[in-house]
Amino acid sequence: MEWLRFNDTLHIDLGILLDPLSVMMLTVVGVVALMVVVFSIGYMKGERGFGRYFGLLGLFVFSMLGLVVATNIFQMYIFWELVGASSYLLIGFYYTRPAAVKASQKAFIVTRFADLGFLIGILILSSYTGTFDFAALTADNAAIAVGPQANWAMALIFMGAAGKSAMFPLHIWLPDAMEGPTPVSALIHAATMVVAGVYLIARMFPVFQFAAPDVLVLITYVGAFTALFAAVIAITQTDIKRVLAFSTISQIAYMMVALGVADVAASTFHLFTHAFFKALLFLGAGAVIHAVHSNEMSRMGGLRKFMPITHITFLIACLSISGIPPFSGFFSKDEILVAAFHHNPVVFGVLLLVAGLTAFYMFRLYFRIFWGAHHYDRPPHEAPPIMTIPLIVLAVLTCVTGFVVPVHIDWAIASAGVVAAVIGIVVAWRFYAKPSDAPARLAARWAGFGQAASHRFYIDEAWLWVTRRIIFGGISRPVAWFDRHIVDGAMNAIGSGTVRVSETIEPVQGGKVQSYAILFVLSVLLITLLVFVLC
Amino acid sequence: MIPMSHYLIVSSIMFFVGVYGFIARKNLLAVLISIELILNSVEINFSVFNRYLYPDHLEGMFFSLFGIAISAAETAVAIAIIINIYRVAGNIDVRHIDKLKH
Amino acid sequence: MIGTLIVFYILAAVIVVSSVLAVTSRRMLRAATFLLLVLISTAGLYLLLNYHFLAVVQLSVYAGGILILFIFAILLTSSRGDRTEAHDRQRMVWGIVTVVAGIGITTWVTLKHKFLYSDNPTIAGDQQIPVSRIGHALMGTDKYEYLLSFEALSILLLACMLGGILIARKR
Amino acid sequence: MLTVLVLIPLLTMLALFISRDQRFVRTVVVAGFGALLVASVVVAVKFLVARALSTDAMLLAQDFVWYAPLNIHYAVGVDGISVLMILLSAVVALTGVFSAWSMERDFFVWYCLLAVGVFGYFISLDLFTMFLFYEVALIPMFLLIGVWGTGKKEYAAMKLTLMLMGGSALLLTGILGIYFTSGATSMNITHLVGTIPMAHQYWIFPLVFVGFGVLGALFPFHTWSPDGHAAAPTSVSMLHAGVLMKLGGYGCFRVAISLMPAAAHELSWIFLILTGISVVYGAYGAVVQTDLKYINAYSSVSHCGLVLFAILMLNTTAMTGAVMQMLSHGLMTALFFSLIGVFYSRTHTRDIRQMGGLMRVMPFASVCYVIAGFASLGLPGLSGFVAEMTIFVGSWEHTDLLRRILTIVATTSIVVTAVYILRTVGKILYGPVLDPGHLELSDARWYERVSAVVLIACIVLIGVWPSGVGHIISESLKNLNIF
């Protein structure tokens, strides 16, 4: 269906594209959204703006589905923006909390900035290929027509994807986005919207492969770096949702690496499995927060007795994300590790390290929440069934999705991954399952590094500096000043200049008849003189 | 016979002396006298041109005639105004009456 | 012939001197007197031009009527301030500049310009204009006859009379 | 037929002299402007019918000799672009009436006169009548701001009027230049196409473009806009930013570009740079403002700069985008100003530092404001997006480096727009309620709601179904044959 025609060749259509990729995404979005909505009924009960919440959630799901089924890159861009806007509204759901407002603005502006790249990328790409259509773009022969600008175009499109998928250095919005209601984080910032970037690149993959292989290399390195970077930060965070946020960044980076090393299947498989267990983690965290009324790990502990269902499901998710067989995470992660191993050993090494770190911080989280000492004024209680049922469903899915796709498992690499994960778990167990001073000692030894990591390596501050100092202080204020004083001043100067001139010549018309007479007679004489001299 | 230009020179001297008085004097009556001089010089010119250039016609003479009448009327009104100003302002100095309202 | 010329020059001299004195004299009554001299000499000039009727009108209206008005006005408004009228030096300078420039330019123009018949003595000579012709021209409505102007002037005079009364009336 | 559009406001104005009674005035004005909207829709329908039958550039045309010695005609006619502008003006004028609900009779008298000028301008084909109506539209502005404004109203009114008059002086010179150099025997635009010699186009084009550009907030002649908008009463801001600024863009397009395409091609780079500066400069300028109306005024500079920018790209796509942007900006900025009016009438401040948490207090107005903000920053589904995208795609069709760079510069404005819109929304609507006195404030009243709802409906209509509008515009552009 033609929606808007730009010129003879370029036009935006709205359509529905169903292929394995989009169907897979539809499944993910549909299932997770359903679970989240059910969970939210319990979670949001009694909140102010209950109706508004579900309205916005509906808007988000609409936009996300539109994005998934897009037939052309511009349609995707349209829904991409809508997804961003509904994310903005949902993060800022608690609009009376300044932190939530700040976070929502940050999320929107950062992704908007990335989308700028996306848009310019689309413009470049479309002006050379003359089409927005995915089918035409990804046809085998289409990519050839692109030419040398393809690298620019695809790099810029990757920038858009990186913004949405929170790749370094555009990741800063995602941890702050946790200010939103927890189910929202589960839906948007774990399972669906943030993987839109991965989805976009997977969609466009043939173009990347044929026209801009260099960009794929870029994607690999950015992905690998982000994975490691986010995992390191996740270790030091104390807010459980922040830990999960960084874990999300790290996992998406995994998918990006898979795309970079040209294994689309592995990437989308991980996307698929990750969506479920990460949603499960978030919803579990939501149930915990709902019970304890706090996000801070230090306020939790020993919850396994009070919340058995949550505990079990959370554990399944942790095992899955750590890559322990037979949970789904194991299969998809293994795929990626295999692909990376065949491509680049360094990247493989990094990913292996990240796998260990992932297991470590996930189990740090797990042990601190569900084990250890506990001290509560009022004993927390298990969530109501409306919240636990989605958890159970997701847990089941986490267990089974690994077997959906028949994969060939390279046992050597898989066991390396599992070993890394187990080491991570064991260390976490040693450190956090029972009282121990090992973490404190380690933290003291690595004080500077730990400090930096817990401040997320000051990337936020760097961005803040850029926006505050450069955009506000360096551009906007001077512009505003320039406008008020120079441009407007010039206009006012013209005005006051006119006034001054008229003040100077005012006495000539000062009501003194005799002065008029002098002027009159002299002028007549002058004219006479001119007439007679010239004639 | 007297050349025409002599008349004209006399009248122009009279005219500009009148102009000088108009510009330089501050007493309103003196200004009025200057105006009379100016008008008078103009009337002389009318007559002279009439006599020398178109002796068969009478326009110049009539214009002088009318000019005399008009200057009489103008003087009458002007003097009425001046006396009124004197009554209001206490003097008839041009500098003090550059505003029409008071 | 030469007598006319002499009379003209005498009149011219009186006019020039008197008019200068009329505008420079500090005392208003003197100024009025000099104005009278100028007006009478002008009447003389009209006589020289053989405009006898005009000369008479000049004498009766100007010298007789207007000047009386002036003198009344001067007497009515005279006060001590009149005599100590301060001169505005700047104004005077401008006035003198204007006057000198004006006289220079007009004289130059007058002398330079070649008038048609300007020195034709035969025409300028003798014919008096009969009063009856003046009367007919003033009352007629044909070409070169001035009834309309005459009537307009009458209304103007009437208006001036009314205006003078209105303005001078005590409030 | 088209003259009706001028007659209705004129008759409304005359009817207002009957009584000063507030109810009567409201009834008359609402009836008048309602009739105007209906008439505009009728004109639009008639136009579409006529368009199907005819290929003339201008339809529904009429021509009367007005003053024969100077070849001045009263010539009217419309193409798709003018029809859309007429619809926009009718909508904004009607909603403006609702926003000016409590105003007195004399205000509406001038308001009607303003409408006379605006509608006359959009239907005119004759350069002289066009200029005449242009001036008719400017004069009431002075009184409307100077008498009913707030703050530095005299200064603002004076500045606005003088700057616009300065622009129209250039314009008049340009129009006379067009008339005398073309050798034509009429001032009708349709007859003048292609008659102006190239050598003369070089000096006439800048005159006309700058002349109209002043009203279109062309950098550096935009400074009347912040002061003027800030001082004007709500409905005048709406009409001014929503419609009057479009007079500039429309004039640039209708006179400058379509009569002098050759000079436009040669000289466009100068003005492209200026408008490119406008776009970014306005956006950055808006970021640090603290007065709501100033934010919007700078935002208007940015958006209207984009209109002129797109017009200068001289291709069908970008120009289609330009007209869409005019519509979009007209509706959106009218919505903004009407909501700012709502806030201001309750809180008595426009300083964003003194407001906060209004979402709690006035949910309806706040939600509308958020929608307006989204439209402004170009969210898909709202009108701003389609306009901006069409412009960007259109300007990207040029392959030379200058236009590419300028396009990229212009696209950055959408990020900056997001920054200032979100900053404003965050400060005034979200967060805790700063002033306890604000807690008792009432939400928008029914007439204010009507105004907001109508505008939002139009914004969404264009945003969701852009091809309807886009088609009309691009058809009209093809008829011009200037590219």
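In order of appearance the chains are A, B, C and D, and numbering begins at 1 in each one.
Note that a contact is a pair of C-beta atoms (placed from the backbone, for glycine too) under 8 Å apart; a residue touches a chain by one contact, two chains touch by 3 or more.
The structure displayed is predicted, hence computed values, not measured ones.
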Hey, how far is the Cα centre of chain A from the one of chain B, in Å?
-> 94
Expressed in whole Å, how far the mean CA point of chain A lies from that of chain C is 100
Taking each chain's centre as its mean C-alpha position, how far apart are chain A and chain D in Å?
-> 36
With chain centres defined as C-alpha means, what is the inter-centre distance between chain B and chain D in Å?
-> 62
Contacts with two or more other chains occur in chain A at residues 514, 518, 521
Shared interface positions of chain C, touching two or more other chains = 91, 94-95, 98, 102, 106
If every chain is a node and every touching pair an edge, decide which shape results: line, ring, star, complete or other.
-> other
Okay, what are all the chain pairs that touch?
-> A-B, A-C, A-D, B-C
In their shared complex, at which residues does chain B touch chain C?
-> 1-10, 12-21, 23-27, 29-30, 32-34, 36-37, 40, 43-44, 47-48, 51-53, 55, 57-59, 61-62, 64-66, 68-77, 79-84, 86, 91-93
Residue set of chain A touching chain D in the complex reads 2-7, 10, 12, 74, 77-79, 81-82, 85, 88, 92, 95-98, 100-102, 104-105, 108-109, 112-113, 116, 119-120, 123-124, 126-127, 467, 471-472, 475-477, 479-480, 483, 487-488, 490-492, 495
Once bound in the complex, which stretches of chain A touch chain C?
-> 514, 518, 521-522, 525, 528-529, 532
Which positions of chain C touch chain B when the two form their complex?
-> 1, 4-5, 8, 12, 15-16, 19-20, 22-24, 28, 31-32, 35, 38-39, 42, 45-46, 48-51, 53-54, 57-58, 61-62, 65-66, 69-70, 72-74, 76-77, 79, 81-82, 85-88, 91-92, 94-96, 98-99, 102-103, 106-107, 110-111, 115-121, 123-125, 127, 129, 133-134, 137-138, 144, 146, 149, 153, 156-157, 160-161, 163-165, 167-168
Given the complex with chain B, which residues does chain A contribute to the contact?
-> 510-514, 517-518, 521
